[in-house]
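What follows is subunit A paired twice: with subunit B in the first complex and subunit C in the second.
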Partner chain A sequence: MPESGESPGLLRSIALPHTPSRSPRAVTYEQGPATMTFAATKGHFFASATWVMALAGAFAVASMAPARAAPVASVEPEQSDVAQLTPPQPSWFFINRGFTENSSAIYDTVTGKLLGHVETPQLTDLALDPAGKFYYVSSTLWTKASRGTRQDYVSVFDSVDLKLQADIPMPGRLLVGGRLNNFVISPDGKFGYVYNMSPASSVNVIDLVARKFVKTVELPGCASMVAVPGVGVSALCSDGSLATLTLSGAKSQITRSEPFFSATDDPIFDNFQVDRAKNQIVMLSYTGKIYTATLGAKPVISAPFSLQEAAGVPAGSAAPNQVNWYPGGVQQMALHRATGQLYVLMHMGEFWSHKAGANEVWQLDLASHKVVKRMTVPGEPRMIAVTQEAAPHLVFAGEDETVYVYDLATGKQAWKLDHAGNGVITVAQAQ
Partner chain B sequence: MMRIARLSLLAATALFSAGLATRLSAAHDGAAAAPAQHVMEDPNQARVDYIENCGGCHGVNGSTVPAQLPELMGRVGWFMCTPDSRAYLLRLPNVAHSRIHDNAELADLMNYVVFVLGGNSVPAGTRPFTAEEVGRERQHALSNASLTAERLRHATAAVKQCHAPQSIKLLYPGYNPATAH
Partner chain C sequence: MIHFDADSLGEKVLRRFAGGTSRRGILARLGTALVAAPLFPVLPVSRANAAPAKPDRGPEAKTTFARGAQVTDNTKCDYWRYCAIDGALCTCCGGGVHTCPPGAEPSPVSWVGTCVNPEDGKSYLIAYRDCCGKSYCNKCNCDNADRETQIYVPQLNNDIIWCFGTQSMEYHCSTAVLVGAA
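After this line comes the complex of A and B, so read on.
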């Protein structure tokens, strides 16, 4: 209901609460070209205090409007404008604001300032153009909100003014949020790969230069992708292998590594990390096994080692009732590429507690297989990222949407950002 | 919901009991399909396994129209038409790589899918899956094939050889990609 201070224009859209019956009367007033007529029964009309106030306000404004000229401002009027951003910087992070907000907020870890928002509605995936010119968002929307005709598309936003450049339609995508590897970009920035279910699991290939959907290629029994330069994509599969989908030739082809993990007994978290310089991915299993794979037409997978043993505690086990430190959360780990340091969210629990928030972050040196630092962290974080600067910041968030930014040089909290979000955290140079 | 599930299960059971219940034969010789209660060692466990491992996407009763999924209810049985197509059901990656390691338990689950959810669509005289057959076929998961093309190939064979309705080639009768969810 309108309050007295609101514009009388609002009244135009409000239907009268009662239809006239006895001794109707009409109230007419003018404001500009619009003419409004109210008809109401006396008793009914004045029964609503809000209506009385609204009407009084309306009359006051209406009677004043034609009589007085606008007062002259004593200072120069402010010209509103829209700030422009630089392309994404190494100190920035993007956090999906969660299930109810339609955006990913951009923050600078150096200043702690909010810089802007990229539109990322529910169950969308954000990916950064490696050249920093665009933000890509893989989206799905129905014509009638949750029903009607389904539309799947990749939106292209300019990174400087955040304006929409294009929507690239495609046949479909898997509707799962909170995942890093369902929408990936080739390192040369030319192709986007969107994980799809048609309902067989498949990959939509998008030409980002021509801004056109190219084709859907089936990738049965696999999910969670990484772009492989000059080849196509690799993905984790239900038989415990890493499949490589070759898209460079005329006919696409799938090859598989030997199975190296058990998707049933000790699954690998889908949010694995990618190191472009080393052309590697770093993977983590539910029990805490660390695997690396060097990418290519024939990926080479390392023998795993135990994250817990690297910290001098017993290795994690898939057996029930074995309380130990386990990795957990949604985005469980973050890799600082230049130094080969892996930051993992850890909690005390037992096997299958892999979604639990963390009490500690363990810093693993990948070269020496040693946990070099254990940090106690607040907020039971389930999401973690690390900026790729020489002096990196650790960024983590728990269920309550508080985001903590830690300066890794000092190990101290640099910023605590309230209501910032609890979804996927993306950093520049991550792909 | 529970009531409906139980009723449909009873209906399916009754349906199979009514026919030539005890004749199980390799050929499609006009005999009725195996009765539902005779094709599973543990029907309750089979239904629980179906709901836990398949029902999230395929629906607790195998019906998901208008989602972009193959409708199982009253249809999946047609895929028992040829040796090739019944193997296809076991070679689907999500079946072959199921976390149910026990082949007899997985055979029960797939027999639940085919004979209970599939209902009338099972060609007469169809043998149920055995643990041995499941153990053999799950070694050959369809991990380098177009599942869409494979499905169409087997559906076409079912129309030709077992007189399945033409609509078995679609995800569900009347399927239109433009209006599906």
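After this line comes the complex of A and C, so read on.
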């Protein structure tokens, strides 16, 4: 039991990680050298209780000492209440906690704090209302856990109290993890498009204003969608084209661009990035080719350039036995839209190592086709996102569920968040 | 609606691989070698420039996975047939390399891989059939990606839950069924 005269020392010792962090639930926040560990399991309850008793004892001893400051601990009777959020902020990110957890955690990159969770059961897709009022979750569950009647629906959650507003039933959806572009929202927030595969490919059109399923439209041989304002959706196809599905008229129509990539020899990653202000998508292939397409009824696709050559190293090759820098991971790149900077997860390896975790993040300036910075990164990340703040934060995660947040102004680590998740990372729009 | 025909798909995939490798591949490599030989001596540093026009899918074109693959332990991610598997190995969940664990149901359709058997150096077509209808086994999780593509080529993508045509689409684990020589 510490003496009352040692209370500053006691406070310091509480701030240091004396509680062992062996528990898988211990959440560690780190900034620079300081570490705070909050235990969250039964196993840690007793260790924590010991500290509480020690603390209580210290206060008891302190309270007997003369001329001390008034105690700060509230002793007023209390009521249970519930926290609320603001609508999503540009400094926030949402990380799917993985295949076996049922939620996406919301973190603020400025404070490093966990703010709450959006319910995202296994293999669901999260999308944000462009106006920031709702979170939409495209889900599949069975009536009796792993059996019974299959149910596919889009759940609507209020972004402030996170309460369920509605479930919108629909005919089906593809069950796959790690994809950004299987559930997309039109920029005006009025329609949701859910990719379905049965295994024939189609799109479910959801009216998000009326909260009603509208129709299913076939999209043969294509997947990975982007909403095209006033038109419908565009999607990547197995013949190497970009298909555009016109949904605005009475009859839906599919047109296809000329093939511009090989879907089996040098595929374009499903998780392309969307820039609404420029009405463009930015695409990346396994060998490191960067393509952009300006969206519309007839999309215009740029000639590709090599990401590696943009960094002054040889272009990536699809040939065997070539060791080089390659892009990889699950969510392989992140676009800071206002500045046109693309951040790509890169690793040394050979072709067909496209799921490997990264050793470096390359910052590509899309306007000049130059890699302006290469950053060594810890944790072999397979997921990356960048907040759309004016002073952006880079967020990345590897398989061990540790999330790193880097301040791009300084290039330094701002936060290391243990057990945060290893699924898709979503960021809010710029304001 | 398009009906999914596993036989026709298998045939297409086999023909594609067969057609994409031997004769044309050899001609392309021979042509490249003839052009490149005077310019680049046969040194490792020259290999990047001597790449054939098409990716080489032949057994001699070993990937990182194929070079490290083994044939004795099918509960390990580096077992040769697992060159494009993604998920929990059924061999660790009460099943086998082509056997679903008790109570699970094999999916009639699957994604496919072409893996090199280190014993004979030949390529074989592997059907990665998911076992379905039970909750996720979550043991011996592997994620190998030889010749694995994106979901717009679904039959070559290993992230998709392939429990189509089963009573429940709940994913339990994955098997690696040998279909035949590629």
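Couple of notes before you dig in:
Everything below uses one rule, namely that the second predicted complex is superposed on the first by the 353 of 431 C-alpha atoms of A that agree within 3 Å, B and C clash if a C-alpha of one lies under 4 Å from a C-alpha of the other, contacts with A are read in each partner's own complex, and residues count from 1 in each chain.
The definition used in the following text is that a contact is a pair of C-beta atoms (placed from the backbone, for glycine too) under 8 Å apart; a residue touches a chain by one contact, two chains touch by 3 or more.
What you are looking at is a predicted structure, and each value in this text was computed from that prediction instead of being measured.
With the C-alpha superposition on subunit A as described, subunit C and subunit B clash in the combined arrangement.
Looking at the shared chain after the overlay, A:147 reaches both subunit B and subunit C. Applying the stated contact rule after C-alpha superposition, one finds that A:223 touches subunit C and leaves subunit B untouched. Contacts of A:314 after superposition: subunit C is touched, whereas subunit B is not reached. Residue contacts after overlaying the shared chain place A:270 against subunit C, while subunit B stays out of touching range.
By the document's definition of touching, of the two partners only subunit B reaches A:254; subunit C does not. Of the two partner chains, both subunit B and subunit C are touched by A:200.
Look at A:354: by the touch rule set out above, it reaches subunit C but stays clear of subunit B.
Contact comparison for subunit A: of subunit B and subunit C, C touches the greater number of residues. None of the stretches 19-27, 55-63, 73-81 or 163-171 of subunit B clash with subunit C in the superposition except 55-63. On subunit A, the surface touched by subunit B in one complex and the surface touched by subunit C in the other have residues 142, 147, 150, 197-200, 218, 220-222, 237-238, 263-264 in common. Across the interface of their complex, subunit A is touched by residues 57, 68-70, 93-94, 96-97, 99, 101, 141-148, 171, 178-181 of subunit B. Residues 1-4, 16, 47-48, 51-52, 54-56, 61-65, 109, 133-136, 138, 143, 145-154, 156-157, 159-161, 163-164, 167-171 of subunit C touch subunit A in their complex. Interface of subunit A with subunit B (complex): residues 142, 147, 149-150, 172, 197-200, 218, 220-222, 237-239, 243, 253-256, 263-264. Interface residues of subunit A, counted against subunit C in their complex, comprise 99-100, 122-123, 140, 142, 145-148, 150, 174-179, 182, 197-201, 218, 220-224, 235-238, 263-270, 314, 317-322, 324, 349-355.
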